[in-house]
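What follows is a set of structures for review.
Common to both upcoming complexes is subunit A, partnered first by subunit B, then by subunit C.
Right after this comes the complex of A and B.
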């Protein structure tokens, strides 16, 4: 298992290189360069002397390949660069936002997993009943209502009309600030998870080994818990991995609605400011998160299904 | 506990009724309380005044730092700040500023003339890459300093601890106005040098509020400067509130939720919220409205080869074809003023131009005279701001009515800005402003020297306008300058390189207990918070 994990992580190196190259090319193609950080967006003008000095100081006159090469060399030295817009190191800008992002992502995934799997199993076991129909309508709601819409709805419900939670912000890290964004994202992701769990469960509970277990006198609850659910969870686990990756990459809309100080807003601002180094830093982090989460998910497959071998 | 406190806070707010204070007479300011202000645009960038860029940053910095002079928000004129007075030579090439004695920084050291010279040299130094490094170009010795031929700017001389002399290459009575920018604030040299780049996150100034804390993405907190030198008209030492908290909520619906739960005290609002709050039973009397120095317009690319709009009559026709008032009333819900020229009412200028009346028949006649009776086709670009998109769509309808067929391309704001700067457009819809002085505004927008990224995006070139603006820049007195500015604007309005659409109306909604907010020039978010006080407040932190 360890050899498998190490091999996967080594294979990640060309992926990360590709990610930096694609980001660099995309940022190079779109109109405007990092001198845009010296422009007040509301005014929109820049003195040519300032733009010239900035290009000279930041080495923007060098050919793109040279700039990309310099960037790679700096990464190898552990230097992600400097964010001119926020006057801080890219590493510091990211680390400053990372805890809020991790907190929101993990809580949202926990909520969506509990709700999604719970509802998926519940409705699968009552296939064709009113519960099943009602459950599918609710999950359809979760899948189809946009995050900002659900977020605002919950905000007005729980912060304005019945003020039990703060509407926005992070406070000093109190749990009360976490609930609204986490529940919003959790509900959004739970819909898809419930539907996937339901269909996976329906496949599994009709399988021969489940029927055999029941015929041997194993209780229904034990069959579901020990035989059906672990097998049904394999596709669900993949979805959880993707959700964690997506949420770690920043839930820009939820972060904007709830003024949550996460990486999503940082990246959105950086793209707007053409802050290449900060964009590169964020995208690199997301790529690493996706790779690590995928490796972990692959390893967990083996725990759920012993037939899966790491070779 | 926090929830309980929050619920009590909301209850107290509701029970306190919709009106103001109980007594009917004039109110006297009250000390104390925490004032929470929302900043809708984005996070502040740096607290170092050298990097004073954009409303989110400036609105904070201006409360931490003081300059030699400032703009009086009530009268819209330049008034003393740390410099209690100033004089200039008859040729307006040399200004002498006399500083107040006993003004101290938050660290206890005294503000001296040398600190201003130090700050001006920091700003002008190309190594620091201040967005304002070109502001002092007119000062003697700046060029040599920027080229590193000398170690200091010879035109900025410290006469003594409280006297500063600035000499310029040519007459410039605008110098005091230029120095009202936050970038020209006093900074304590020793502290700046000790902290280095950290000065941007641990600023020390001499302004009404001291920096307390800043967690990016969450909040920035300032606390009252107990030793601030300014007093109010009753002789009370300013500022009044104990703390100011700047938050950054960008979603308008979330801002409304925070206002209505009483967890923020004031917020700049957009069109949709304006429609709601101007008839809101609780907040309709608690809105500050003011004209900001931005002019929304359609810019015509005058470098487009063979384009119909290179003919002045076509541009005039377009100006006559658009019903600005209806667009503002219906599309913007009244949250703008009809533009009659390039300049809104601003510092030393009443902003009066006859403008172009809505007259589609005249528009058609002018198009026919210029050989375009059947109209023509073009593409217009703009950013994706929903207000902008709605206005452009309305404008396209009016253009269609006179035979002009416009295609519309919407893009993110940075791409739209870059396309404007690089001249990659036929027409754009945008706004120019942020400069409180009419001369600087007109120079940026219409002087051929500023063609391209510096502001003249339409590539408008008229030697007569250049000459009028150059003469205005070197005028020895304000009245001559204004006369020349008006003459230049008249030519510009007649030439119509823009279709003048609207002037910004900015609106701030605030809680009924907040006092002292006002319509400030340039940008409504640039509030001098030392005069803000809370008639009754809820202890929130």
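Right after this comes the complex of A and C.
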């Protein structure tokens, strides 16, 4: 297990480097002069002398490889640059918004996982019944409705038509504000989760070891709980990992719809304001979180399924 | 299970089983077509997508008004008003006409982005899977890094750098779209490369190019079609999401996502501003998802009875 874990962690390093390379390159595909973007946009037209001085100060004249090296060193020191629009360090801007996003993300992962797995198992066990058909229709709806449509629909339903929840905002952190964005995000991913759980469950139910267990006289319930479900959940676990990545992109949308003060909205606003250092910081954070989540998922795999360790 | 496909499209198949009138050879594709005709999801999906395509093509004749024409005297008319079957928006533009014209944007994005993804992904996947070695290392390394960023987030970042416009949405979605197909085609190619019919083709002197085009590609085609179809749905969703965030089609272009983001301010007083573009997005994406699901059932031999 240790060897597997170490190998998996080492494999993550080139991926992390690749992602930093992408966020680094993003800054250099900007049309026009990059100093325009890096200098406070409120200044307006920049005196060429100032621009030259700024380029020198930021080391923009250095060869790309040197600049990339400096960028990596800065990341390791936690220095992501300065955000003029909000007058603070990019790192501080992100840290300030982090708790709201973590809260939203954890709640919606919980909602989508419970709902998705529950519904997937339920429909798989009643394959071909009306429940199954209804479940497939509902989940098809779930995977076909964009997050923002679902969000606006829920907002209209539960805040306008039948006003039981606040439409937007964070309040003072009350739960009532969390419900709409969390349920929106949770439902967006529950559909895919339910579909995958259903097909994984169907695969497993037909397996020889399940039939053997039944033949030995183990009750149906025990076979499902002890033999079928744990094996069916292995592919689902991968999807949870991927979903956490999608969820971060979804958070950009849900937080925009519901005016939720998290990193997603910070990123959306930063894009609108062309505050590119902040964009770079947010994207890097999301990417790193996504990679870490997937490494953790892989390690969990190794723990749950010994076969994977030896591949 | 994939043996029949192999021998029928393989180099030797047609020679030992010549087509004659008495025993017509059921080609894989004819079989697949028959399966598709029996699949309810394929038929419903085809109908929806076909309908959308005809709406998009005939938009200039279907739409009764100019989708970008402001008519402030008729602003915020509810649905079923005279002259505005689905109501009008805050600038008095006809929502029905805008939804009709919006289908052009969505379908174009889906088609263009996904064609690019399919071509690039398939080419790279074939090369990586067939030749292995450093070509595979480079392509696989690249796809792994691309997969390390959530797709929509990656697209968001690219549009952020290039600047918001529909044109840049095409570029961004094209860049993030191909790795899924590349990985799929690479895996298919790897598993096909060692098959007997490929060995046989090589033994009779077929060149690499001929083996790839005649033997590997046709056998990898059905998953490509399935993933390509579902990918179109994803591209349409992504365009709508980016436009909703104000990064895609810029006003007054009638993109469904843009219409919804502009309509959000009127959720209290005029919810129909968001309702109809929302329904349109949902129908388009669902149609493509249904079609993809059905094609998977019809073309994947493992689920075929």
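List of remarks:
Everything below uses one rule, namely that the second predicted complex is superposed on the first by the 246 of 311 C-alpha atoms of A that agree within 3 Å, B and C clash if a C-alpha of one lies under 4 Å from a C-alpha of the other, contacts with A are read in each partner's own complex, and residues count from 1 in each chain.
We take it that a residue touches a chain if its C-beta (ideal position, glycine included) is under 8 Å from a C-beta of that chain, and two chains touch if they have at least 3 such contacts.
Model, not experiment: these values are computed from the prediction.
By the touch criterion defined above, A:261 reaches subunit B but does not reach subunit C. By the touch criterion stated above, A:209 is placed in contact with neither subunit B nor subunit C.
Once the two complexes are overlaid on the shared chain, A:100 sits against subunit B while remaining clear of subunit C. In the overlay built on the shared chain, the residue A:85 is in contact with subunit B alone; subunit C does not reach it. In the superposition on chain A, contact is made by A:30 with both subunit B and subunit C. Of the two partner chains, subunit B is the only one that A:269 touches; subunit C does not reach it. Of the two partner chains placed by superposition, subunit B and subunit C are both touched by A:160. Contact with both subunit B and subunit C is seen for A:152 once the two complexes are overlaid on the shared chain. In the overlay built on the shared chain, the residue A:49 is in contact with subunit B alone; subunit C does not reach it.
On subunit A, the surface touched by subunit B in one complex and the surface touched by subunit C in the other have residues 30-31, 148, 152, 155-156, 160, 167, 256-257, 272, 274 in common.
Within the complex, the subunit A residues that touch subunit C are 14-16, 18-19, 21-23, 26-27, 29-31, 140-141, 143-149, 152-153, 155-156, 160, 167, 245-246, 248-250, 252-253, 256-257, 267-268, 270-272, 274, 276, 279, 283, 286-287, 290-291, 294. Interface residues of subunit A, counted against subunit B in their complex, comprise 30-32, 36, 38-51, 53-54, 57, 84-88, 93, 96-97, 100, 148, 152, 155-156, 159-160, 163-171, 174, 176, 256-259, 261-262, 265-266, 269, 272-274. Residue ranges of subunit B in contact with subunit A, taken from their complex: 2-3, 6-7, 10, 41-43, 45-46, 48, 51, 53-55, 126-127, 129-131, 133-134, 137, 197, 200-201, 215-219, 247-251, 253-254, 257-258, 260-261, 263, 294, 412-415, 417-422, 424, 430-435, 444, 450, 452-455, 523. Across the complex, subunit A is touched by residues 141, 144-145, 148-154, 156-164, 233, 237, 240-241, 244-247, 257, 260-261, 264, 267-268, 271, 274, 278, 281-282, 285-286, 289-290, 293 of subunit C.
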